[in-house]
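Notes follow the structure.
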Amino acid sequence: MLAADAMDAIRTFMAERDWAQFHEPVNLAKSISIEAGELLECFQWSDDADPERVRSELADVLTYCLLLSDRLGLDPEEIVLAKLEETGRKYPVEKSRGRSAKYDQLPD
Amino acid sequence: MLAADAMDAIRTFMAERDWAQFHEPVNLAKSISIEAGELLECFQWSDDADPERVRSELADVLTYCLLLSDRLGLDPEEIVLAKLEETGRKYPVEKSRGRSAKYDQLPD
Amino acid sequence: MLAADAMDAIRTFMAERDWAQFHEPVNLAKSISIEAGELLECFQWSDDADPERVRSELADVLTYCLLLSDRLGLDPEEIVLAKLEETGRKYPVEKSRGRSAKYDQLPD
Amino acid sequence: MLAADAMDAIRTFMAERDWAQFHEPVNLAKSISIEAGELLECFQWSDDADPERVRSELADVLTYCLLLSDRLGLDPEEIVLAKLEETGRKYPVEKSRGRSAKYDQLPD
């Protein structure tokens, strides 16, 4: 399973601090957006970001994603694989190769 | 390692479509913010979100996080664990238990 | 015009600091997302936000929106009014009254 | 006042649909982040965005900003001007000219 060890460490960390009470799904969704904004801030004025800051902010986004998965009883690896399959159906290899267009704007 | 299988599947998926060319770190950081917004949209007017939509949007955020980790040569599990340790130092158990305050607003 | 005075003040502020060079549309779009995240942070764990912080973060989002409008030669008030008209066509009063549903999920 | 006409039009629009009930500040803050993500999506894979889409998404961000201002009894133009003054104190012209550095990283 994706993140079994990380997930265990996160659960222990939160239990020690009694923080699960704040982790309503809506609050975790807000937190993911907030941290995604901090990650984006590393790239605000230049494509050349400080690797250490990026590592730290990306870790925050991931941590809240794992918390939300856990809260909803989802296995992160499983949902990534399932979504990849769905996306693969919307973006067939032969039509989407080398294109960044949205699936509804791919050539027939 | 976190997401070894998911990561392999993502890499294959992207290679088949020749999409790595679009995956500059800045574009992945933008993508994480965009997908975080779509996840948040599940909770826009109510805390009661459709589980299937949440699953799908959370998977998108996670996928872009894994892509950015991979692009930067980072191990997602490792950075989550390292950040948890840093956060633990800023939020000692005895001061932060049951509080959602920021570390610079914790009691002395 | 919306923000004529605010816009003049912003233009002077930026000119004095020679900051227009950083204000590519893509950077302003990133900045709007980043500041929107900081605004959301006021509401991260509670619906009860500090009014002073909200005022300050909302001002940042607005400022970058005005900068992007200006950069693209758009009149903020005009685009708000035009969009309201478009939205009105997607959400006819009789169908959408008292509902938060998306237009494609409104009753026939 | 900034957006007096736009604000009136927005208020009428919302009253006709009885939508003010959904416009808790926290929901408006979420909406601003969501729409900021849609604006950023115009620039996801390229700096060269479709002007029509940008106009439409920027209008959405602005509309929710005006709604939140209104809900909190704030005058958008006033808060933009007040924040500009605060920012000016953190970024004195002579130190910040031509630099995108954060105020705590400006030269002495």
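Order of writing sets the chain letters: A, B, C and D. Residues in each chain are counted from 1.
As a convention for this text, a residue touches a chain if its C-beta (ideal position, glycine included) is under 8 Å from a C-beta of that chain, and two chains touch if they have at least 3 such contacts.
In this text, all values refer to a predicted model and were calculated from it rather than measured experimentally.
Undergrad: Where are there more C-beta contacts: B-C or A-C?
TA: When A-C is set beside B-C, the one with more contacts is A-C.
Undergrad: Half is the threshold here, strictly exceeded: which of A-C, C-D or A-D has more than half of its contact pairs identical to B-D by residue number?
TA: Repeated interface of B-D: A-C.
Undergrad: What whole-number Å value describes the gap between the mean CA coordinates of chain A and chain C?
TA: 25
Undergrad: I'd like the Å distance between the centres of chain A and chain B, where a centre is the mean of that chain's Cα atoms.
TA: Chain centroid spacing, chain A to chain B, equals 3 Å.
Undergrad: Send over the residues of chain C in touch with two or more other chains.
TA: Touching at least two other chains: 22, 30, 33, 36-37, 40, 43-45, 100.
Undergrad: Give the list of chain C residues in touch with chain A in this complex.
TA: 22, 27, 30-31, 33-38, 40-41, 43-45
Undergrad: For chain B, which residues count as touching chain A in their complex?
TA: Contact set of chain B toward chain A: 2-3, 5-6, 9-10, 13, 16-19, 21-22, 24-26, 29-30, 32-33, 36-37, 39-40, 42-43, 47, 49, 51, 54-56, 58-63, 65-66, 68-69, 72, 74, 76-77, 79-84, 86-88, 91, 93, 96-98, 100.
Undergrad: Enumerate the contact residues on chain C facing chain B in the complex.
TA: Residues 30, 33, 37, 44-46, 100.
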